[in-house]
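First chain A sits with chain B, and in the next complex the same chain sits with chain C.
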Partner chain A sequence: MLIANGIEDEDKWLAEGIAGIQHSAFYLHRALDSNNLREALKYSAQLLSELRTSRLSPHKYYELYMRAFDELRRLEMFFKDENRHGCPVVDLYELVQHAGNILPRLYLLCTVGSIYIKSKETPAKDVLKDLVEMCRGVQHPIRGLFLRSYLAQISRDKLPDIASDYEGEGDTFMDAVEFVLQNFAEMNKLWVRMQHQGSLREKEKLDKERNELRDLVGKNLHVLSQIEGVDLDIYRDTVLPKVLEQVVNCKDELAQYYLMDCIIQVFPDEYHLQTLETLLGAFPQLQSAVDIKTVLSRLMERLSNYAASSPEVLPDFLQVEAFTKLSNAIGKVIEAQVDMPIVGAITLYVSLLTFTLHVHPDRLDYVDQVLGACVKKLSGKAKLQDSRATKQVVALLSTPLEKYNNIVTALTLSNYPRVMDHLDAATNKVMAIVIIQSIMKNNTCVSTSDKVEVLFELIKGLIKDMDGTSTDELDEEDFKEEQNSVARLMHMLYNDDPEEMLNIMNTVWKYIMAGGSKRLPFTVPPLVFSALKLVRRLHGQDGDVAGEEVPATPKKIFQLLNQIIEALSVVPAPELALRLYLQCAEAANDCDLEPVTYEFFTQAFVLYEEEVADSKAQVTAIHLIIGTLQRMNVFGVENRDTLTHKATGYSAKLLKKPDQCRAVYACSHLFWVDDQDGIKDGERVLLCLKRSLRIANAAQQMVNVTRGSSGPVTLFVEILNKYLYFFEKGSPQITTAAIQGLIELIKTEMQSDSSTSNPASDAFFASTLRYIQFQKQKGGAMGEKYDPIKL
Partner chain B sequence: MNFIIGAFKPACHISVSFSDGKSRKQVPLKKENGQTLMVPLFQSQENILGKISIEPVSGKKVEHNGIKVELLGQIEMYFDKGNFYDFTSLVRELDVPGELYERKTYPFEFSTVEMPYETYNGINVRLRYVLKVTINRGYAGSIVEYQDFVVWNYTPPPAINNSIKMEVGIEDCLHIEFEYNKSKYHLKDVIIGKIYFLLVRIKLKNMDLEIRRRESTGSGVNTHVETETLAKYELMDGAPVRGESIPIRLFLSPYELTPTYQNINNKFSVKYYLNLVLVDEEDRRYFKQQEITMFRLAETS
Partner chain C sequence: MVLVLALGDLHVPHRAADLPPKFKSMLVPGKIQHVICTGNLCVKEVHDYLKTVCPDLHIALGEYDEETRYPETKTLTIGQFKLGVGHGHQVIPWGDLDSLAMLQRQLDVDILVTGHTHQFTAYKHEAGVVINPGSATGSYSSINYDVNPSFVLMDIDGLRVVVYVYELIDGEVKVDKIDFKKTTASST
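After this line comes the complex of A and B, so read on.
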């Protein structure tokens, strides 16, 4: 309510002020129309008196000021024309000073002053100097700022700049510079002083009001930058030091922030580059609350863009040692501003890094230096808790990755991992993922074990549990996602040299071993496959010269693999391990290493026996085993027999009859390998098939007993298909009679009353019969073979 | 009616004219009735000469016991109004007793008249110069005519004219140092100076420079003092901080000032002061008054 009233009151006061101005303006116009100087002075002073109010906020005051400003333009036109009032400008200059109130007096003085300069009856610098001095009389911040802003406005086009009308006869652009600098300094003082008017409660409001006025102050800097005469030398020797002196001495955060930014934005980049030391020297002297990081960041951003704008300027950057200077300055700022939150410091480093990457893309040592400085700042502190700070660190670490598109470059930065050490576990993970993504995106190959070591050191947040974080809290899905990234990463670790590749794998193994049971199921498979790839590559080379010491042999790798897979036992993940063993067995088989292959199978079988308990899992596992075993060609008779025997044994011991049946008929393939030198033992094939047939029968009966109807004939049809397969492959033990018998059996089963029809098995059977029919009609050897079968 | 008016009408018309009346500078003089009229300006040691013409109302004769003209310098105190003290009195007899039938003109001359004091119109005191023409008529009552004129005396610029510089303050509250470029100013002078704030612990609102005139009349226990603020000139708006220096530039020409008068004929004195007034936000006034000497500089035209 109070505030609402305040605003209403302000509107009322503004309205009163405007009315007052309009009232005086009426009489002023009349005086001007009748060329009455005395009256004109009287009413203009009266009009300007409205600006003496203290009750308006800057915003409203501005409105009032603009009204008065318009009227002053008319008055100026009148003053300009001596014929109208008959008073020489020099006398006029005195006459307006008779006004008793200072504010109207000074507005009038400025107005006449501008005409006085224009008349060139006296050197411009004298008038300017007098005006800027006399304006000291107004010490009220808002009124003073507007008055001086008026002075700046009316003098703007009358500065004795180079090649301007007002240069010469003792007036040089330096006078213009002096004038603007002085006005700037005074305005800044007034602006800063606003801060101390009013209670703390109003601070927020004050800050807002001050922000509304800041451009009045900043305008001076803009004018300075527009003065032609201000070349680099003048800027460096006069303008910049004086402006900075003001900025530093005012000890006001709002002003310092705005003005530093203003300097950076208003003057040319080239000047900044050449005066970097001076400019940067001011930063550590600013108040600790000043948002230096933003300002410095903008400076570096500008310089970065400047560097990017044309390659010709790059030598300048080197010549002035821009990087060193910026780096030093940042160091000093951080040192000086003890209270600066860590996020501020890091933001600065991010900007510096961006600058470095733009300007000195070839200087990795600079990048490392920046990171090193950051480490120094972070060291001795607890891990970062501030989320904004960690975000900045992530930015800091991501920037080089983006720039170089190559993690390998980042890996050579010794300080990179040290920075990461200061992140909390969660952020560390985020960063690790960023790194991995960068690698994936750019398809970067990490090719030495050293680099792998560094890399894993960087992403260790993903690889193992960090201290103090409990894994229970982790989101399952996130965890999977993370571990999948690690798994993907492993395929990017590659070297053509087998020895180095082995080293890499050893390194990786060393790291993932520490990952604990939750991670191993994710990390072991890619490592295993990567190793197998290497094995196959070595084998393919054929260049193995016996006797020579070759560090990376398939044997050694298999030993490693054994260890790796064994590690899964702690998880436990028997099914996964089993699959991996089988994969290894296949690879070993390809390398003609019988004992190794045998060992892998043994491991697989042991797992099957001891660990795989679930019947479904058993079915899957046994089929995998059979499939793999079938392809083995390295084994001698004895070993093979042992393994096949085991496999068939397991098959027959499955829990469900249909599973048994299927596993057993699958085992038949173990005895018939369709290769040139493959085993072709028709006898045992038949044995298997017969056995499966028996089991199918038993299954059928069991269904009959339990349900009162016979089950589907699917199993029989499947067995029939196996018969047909081996029949076609030419196994002598598979006779047409046997096939014929099986067909009849199926038909009988299907027709029995108790059987329930099953469309799937019916269709399966029908298409099998169609196939036989087709083969019969095909003629040739196959046709003849099929001929005896009657449908 | 006409008869009655005619009866109270002066029997003759007296006019005074100065021989250099056309070229002599005229200055405004405020009369008792508030009207301002232009009168000739003289200074001390000048010759005052001219003509007095007396013209009887048509057809009448004026009998008289002699005609004279007096040059009077008078001081009138307002508590003793109407009672003039003549500090200067010179007489010239114009005619011996006789009769006047027609217009008659008499030349007169006062040579190198000593007029040490300036014409002054104060609050409690008035100093004037006048030419008084008297036609002495015995029983019928004398016919008297006055002609005012103004005397200004010019002073050469003083050989020594130091600036006024002073540091004043209230302990731990406000310390300022001010400087006026001179201690003696002529009437059309400009006061230049500055105020330097050494310590500001109070919230000032504004600062004015006042010109005050102190007129003291009488002497001893009967001394009567009147102070008048002739100018109030705002020097500063708002609250300065330590280290600020505020310029002063005050043109004296717009104000009606006189020179400083020191003990004029033991009757009165007029002194001038510059009063620096600082006003704080609670409208408390802090001031420092400083006497300045005013003098009249010969105008070089």
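After this line comes the complex of A and C, so read on.
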């Protein structure tokens, strides 16, 4: 209630003040129009009296001030034109000092002073000095600040700077500098004094009001930076020391924070670089509550950008030993501020690291040093819990990755993994993903097993369960994504040299084998295919040197592969393992290693027998086995017979009759391979086809019995197509009579009473007949072959 | 003019990290009306990516696919053409064109799209066309040694289809095309 009243009251007072100004302004204008100096002075003084109020907050006072300011501009024009009032400026300067109250008196004095300087009847510096001293008469913070701000505003374009109108005998830019410095110092004192004005309860309100005024104080620094005469030397020898003196001595944390930041933002980066020691030296002298780390960070940011935009100044950075100075300064700050939360320290290191990467990207030792300092700060404490701190650590670790675009560089930083060790498990994983993404994005190849080792140490959070976590806690989607990232990563690990490639694979295996049953299905396949690619490369090379012990041979790789695929049994993942064994079998076949190939088939069959129970999975699995076996050319008769016998046997034992039928006729291809020395056993082909026909018949009968109608003739049509296939290949056991018989059988089945029409099988049969017709019409040998078949 | 993208056997992430960047930049969303995929993506991320290229996505089940609910074969009609897609590991001998022709007759389609061999082929016979778009990532195959990343774009216009094959050879995308014309319109 009270506060609301307060605001309402303020608005009322402001309105009253404005009304007062408007009232006086009316009479002032009349006086100006009639060139009446005496009246003008009277009413302007009256007008300015409104500014004597102590009841307004800075925000509202500003509004009042602006009204007065506008009126003073009119007055200034009047003063300037001596013809209108007949009073020489030097007399005017004297006259206005008769005003009753000090505040109006000083506003008028500044206004006349401005004209006085313009007239050049006296050196600018004299007037300026007089004014800046006289303003001491107003010690009320808000009133004083606005008054001095007015002084700064109107003097702005009249400072005796190099090549300005006001430079002259005894009037140099140093006088301008002194003037501004003095005004600044006084304004700062007033500003600082504000904090003692209210009670402790009102501190928050007071701080807010003080913040509203800070730009008035800071403006002076801006003006200083604009003075042409202030070059690096003047800045270093005069301006900076004096300003810092003010900042340090005022012992006010609000002022110190703002002003340090102001200095950094307002003066050129080149100056900061050259005065780094002085600037940094001020920090430890500041009040302990000042947020130094933010200011330091901003300083480093500016310097980083400076280096980035002007590469030609990089040698200067080295010359002034910027890195060392900053590094030491940060160390001192962290040491001094024992209560600084960990996020603060890390933020500082992030800024320093960004700075280092911009300015000294080739100095990996500097980068490592920053990381090392961070490690030191983090050690001895429990793993980071604060999410802001962990975010900063992730930023710290990500920055080198982004800069170097090459994980291999980051891998050489000895402190990099140490920093990661201090992250909690979840963040560790986040970082690991960042690393992997960096590699994938930049298409970086990691080419030695040592580097792979370092890399996998970094991402170990993804590869195995870290202490205190288990994969059960993870969201399944997230987990899959993680593991797929690791899988993708494995395609980036490569070396042309087979021996090194084998080392890499052994290293990878070492890490992923401990991943546990949930991870292996994701991580094993890519490793297996990497290995198979290596095998292919090896047997593509012209034979090994006889007698020499070659470290990387297909045999050795197959041994490793066996180990790897075997590990899937703990998951268990029999279907995947079966597929991988078959892949290995094909590769071994191409290397002409009959025993190895046979062994892989054995493993596949064992899995089929013992582990693949689902009927649908069995169908797919048996087709994969048949398809693979069909392509094998390494086997001698005995081995081949054993395996084909097994394959056909299992095909006939599938659960559903149609599946049996299809698998069995697929087996027919095991006995006919089109290559020049491939097997071409027409008898066994026919045996398979006949067997599948029997099964198809049995299937039809079953449908008859169970559903009272005959099933689709699709299976028969399929078998017919197979007959045609081998017929065309020239298998003598496939006769036109047999084909004819099959065609009749299908027709009969389709026309029988109990048949239900099935459009799909009808269409299939139709297109098969069309095919036969087409072949007949081809003429030549094929036409002759088909001639006996009547449609 | 209807554009149909046919691709498959990406084997992400088992055998390849991702589609080649040059392919990805060509497959701009909104340009293609249908996507036919022969299978072996193998993970959901690839499915999601293909969906962004074109929402009308037809996938056949490959033996390594994570999503086991894709159908073994699928048929669809686009314009005057009936298309069929299957992965191809079920058709033995693998890659045998006569055996594939049988599947084509069985599905009663003009254009059959299968994969598994990672080898681009386009085989025309009296009943239609058998197309294998190869492996879009150029991934390892036990069947085919020399695998270049490839995919197929079919431009179906009335009774004619132009089959463009895009192959990434030594870092450059090479295009070839083959024309097919149907003799009669599809019967109902």
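Quick note on the criterion: the second predicted complex is superposed on the first by the 612 of 791 C-alpha atoms of A that agree within 3 Å, B and C clash if a C-alpha of one lies under 4 Å from a C-alpha of the other, contacts with A are read in each partner's own complex, and residues count from 1 in each chain.
FYI, a contact is a pair of C-beta atoms (placed from the backbone, for glycine too) under 8 Å apart; a residue touches a chain by one contact, two chains touch by 3 or more.
Note that the structure is predicted; figures quoted are calculated from it, not measured.
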First (chain B), second (chain C), both or neither touched by A:532: second
Touched chain A residues, chain B compared with chain C: C
A:776 touches, of chain B and chain C: first, second, both or neither? neither
Touched partner set for A:125, first chain B, second chain C, both or neither: neither
First, second, both or neither for A:139, with chain B first and chain C second: first
First (chain B), second (chain C), both or neither touched by A:631: second
First, second, both or neither for A:718, with chain B first and chain C second: second
First (chain B), second (chain C), both or neither touched by A:60: neither
Touching partner for A:94 - first (chain B), second (chain C), both, neither: first
On chain A, the residue positions that both chain B and chain C contact, one per complex: none
Parts of chain B lying in touch with chain A, wherever the complex brings them together: 206, 231-241, 244-247, 249, 251, 253-254
Chain A residues within the chain B interface of the complex: 52, 94, 97-98, 100-103, 105, 133-134, 136-141, 143-144, 189, 193, 197
Chain A residues touching chain C - in the complex, by the definition given at the top: 440, 480-481, 484, 487-488, 491-492, 525-526, 529, 532-533, 536, 579, 583, 586-587, 620, 623-624, 626-628, 630-631, 666, 669, 673-674, 714, 717-718, 721-722, 725, 728, 760, 763-764, 767-768, 770-771, 774
Residues of chain C touching chain A in the complex: 12-18, 43-45, 63-64, 89-90, 92-94, 98-99, 101-102, 105-106, 108, 126-127, 139-140, 142-143, 145
